[in-house]
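One chain, chain A, appears in both complexes that follow, with chain B as partner in the first and chain C in the second.
== the complex of A and B ==
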């Protein structure tokens, strides 16, 4: 792995940083664009990749992609297939109108796009309730509506599992970069304690196992939902502790060793240490 | 001489923010940007194919007046060219930049606004970078004053600027193209040409040998290049954000 390469808008991506896999075409991620100079009489056509945002260049040799990771506190912009935590704003005949990010147009969630929902048995969600949903479509052009779904239209199942109303628990705000890391860490198949530099989840899991464990849902829009309803009397304390651990890890960008220390410290402060 | 200082992304509710402090002039500017956002009440003013850039300059101690309107206009035309307003999600939406002047001598009504312009430009560039607004290039700026005796001072203090016979603000792209030229006062073409060379070397660090060949070589080393300053600030911040990724690599 070569040294980290950080680009500013207008910088060209050096060709030795591009993946050398030629079997399938190179895919560009966000923050990069292709500039081409059409061929003229004297010179052949030339292409350069330039950055449009400031960020760290990352490449994936297997999938032949190159993308730019920008600042981790960027605003969330919905993208198809992202998992988000949305809050119901109000409901109309066919749709629930949900808030995905503050101060933006509402996203639509069909009244019947839940697992096993029919006209008679559909969830009656009220204002302020939370749903874990997938972004189904983002529309075309400005002012288009973002549509969410809690069910895979092809199979009628909630896919991946766990989509649907979130009952109980509490939501914490984290940066969008942290949310993406948490999602990768929880979906990764690797059986290691530290994924993407995050040890906080596995550490919390070990420490809180005696209390009955906890449930976590991560939305790409920078929200984390935590529920510890199995923990009985200390459920609220444990929820707050998990939220504080995640938020502090995010704000101070702690390394794995510090994350473990933080978990121990916060659990002791809250009298949860087992 | 200490260089300027800046920090990025410290306002949590704005999409992007930055603060910039220049020790020689004492100016301290806090900027925030929200993009892309809907501008509901301005439907007639929106361009159909591009993002609309709006800039607001707020002085710390008074309400914005004629001088602020003037400098807002310069910033808007400059930034509109640099921002890629046709990227996905940007057309028919707004890029709203707010710059608050927190410190430094207030610009009195009728005074030159050019002394403040470089700080405002640097801050708006940093806020746009922090918000991840797509841009075609970055830029670096320089403020120069020509004294009555014909000497060129870069980064003049407020006193120098007041007594100068002309003031110049220039901005260059990383490829060395001149992006902005605002001048004020009495000067001739030869003066402007040497001002441009001096600004170019303070922005980009490259030494251009003038026609007479005597360029002060001593100054290149001590002045850190304005272009590098932006890059270092951004790199520092990204290194902190992605320490987990860079360390594990």
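== the complex of A and C ==
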């Protein structure tokens, strides 16, 4: 593991920072662009990658991915394979038209791109309902349409699990940077704890276990969906507590120790401390 | 797309259900304002106000003009509110929307028509010249409760503003620069503020200082303009679900308490700012007596 590396837009990613696992094709995360691919003739085979945003290079050797951990943006720009929480705006014959971010062009979600959906069994989503979806393609050029999907076209399963309509619960707005951190924390590579310093979720998980735990879906577009329907009477309070903990951690960029204190304080305020 | 993005079904239902259990998303009580932060710019009458995430800049300015023919003894006072795309992506530049007309109307009624600023004191020479005071309201960020925030900001600005001194000498109007004479405070007759209540769940839940999401889930609102003395100078219930008459009476009492609280807060930050200015500002330089 080499030292953390911060790149500025236009910088090339040094080849010794790329994962050396050659069995899988190299996957690029947001903020990086491929300039030239290794051809089979040239040796040694190297990818030339440059950063399109400032950020910290992070790699995952197991899945052979390299991505750029960028800073909080005010605006979410869709990237292929991002998980997002979209809101249905209206539906047409073939598509649901969804809002990924407010006041931008609608993204399209196929009526049949749900797990196990056929013409007869497709979900009937109404205006204002939420879906957890993956960005399938972002198109090319200005005015291109973003397409979402809740299913992996190759396998016909929802991949990763949990994609599909979100029923009940509550959505909280966080910054895009916080959403990225939460997603990385859930993928739990050993590196993420050091960089992200995010203790708020595991702390909440521990404290709220006695109430029946909670469900969480994080969208890269800066939305977090929380559902505590197992908690019975205190479901609403627990949901609010989780939302407040996440938003405060985000706004005040708390360190892990302060995050734990915050969780304890808010749970006590909401009369949820066990 | 000039409309605010609609709330999702889940959000609306959650907000309503939470209110039924007397909880709000940010953990506030029903009668609690968000943290209010008022700061002042370099010049008099330049106020920056933050109410939670709602952020407003108000700038008071003055110039000498001719009074209106039908009111030769009165000065002019105008409130200009403009919603630009800076405040919220839902607003378009140069196009007025419903919210703008509504907020302008409330501000006009609460501050201007209740004569909070004594316009007769703005007269310099009958029928010839008077001061025109203008309050420009810029919305930097919008997260609900624009009316109350703008009202607090304007009232703070009016109390903080100092206009140049002007005298009439031999039928000629002489305006002194701020360096020549200590500028004069405006004549504020009373300090009204608007307090907005939002109702939910068929009038069972009434809350103060709603955020944008709460406003969207709300079924109606009640605006009370009231001053420190408990005189109601404006009351509106434009649309939405009906409210019980008794509720209106009790809410007015809550509004009075809030207005007293807010006015005390305005007074405190303003005195602190004026004291700071007095120490190093023009007032010190232009004072007649000196230490010797």
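Brief remarks follow.
Please note the rule applied: the second predicted complex is superposed on the first by the 194 of 274 C-alpha atoms of A that agree within 3 Å, B and C clash if a C-alpha of one lies under 4 Å from a C-alpha of the other, contacts with A are read in each partner's own complex, and residues count from 1 in each chain.
Everything below uses one rule, namely that a contact is a pair of C-beta atoms (placed from the backbone, for glycine too) under 8 Å apart; a residue touches a chain by one contact, two chains touch by 3 or more.
Predicted model only: the values in this text are computed from it and were never measured.
Of the two partner chains, chain C is the only one that A:130 touches; chain B does not reach it. Legend: residue contacts after superposition of the two complexes on their common chain; A:266 is shown touching chain C, with no touch to chain B. By the touch criterion defined above, A:9 lies against chain B but remains apart from chain C after alignment on the C-alpha atoms of chain A. Contacts of A:77 after superposition: chain B is touched, whereas chain C is not reached. In the superposed model, B is the one of chain B and chain C that contacts more residues of chain A.
When the two complexes are superposed on chain A, the residues of chain A that touch both chain B and chain C are 103. Per the touch definition, chain C reaches chain A in the complex via residues 1, 5-14, 17-18, 21, 23-27, 89-90.
Contact residues of chain B toward chain A in the complex are 8-9, 12, 15-16, 37-38, 84, 87, 89, 91-93, 129-138, 173-175, 230-231, 234-235, 237-249. In the complex of the two chains, the chain A residues touching chain C come out as 87, 99, 102-103, 126-130, 166-171, 225, 236-237, 239-240, 243-244, 266, 269-270. Across the complex, chain A meets chain B through its residues 1, 4, 6, 8-11, 31, 52-56, 58, 69-75, 77, 103-105, 141-143, 177, 181, 196-198, 253, 255.
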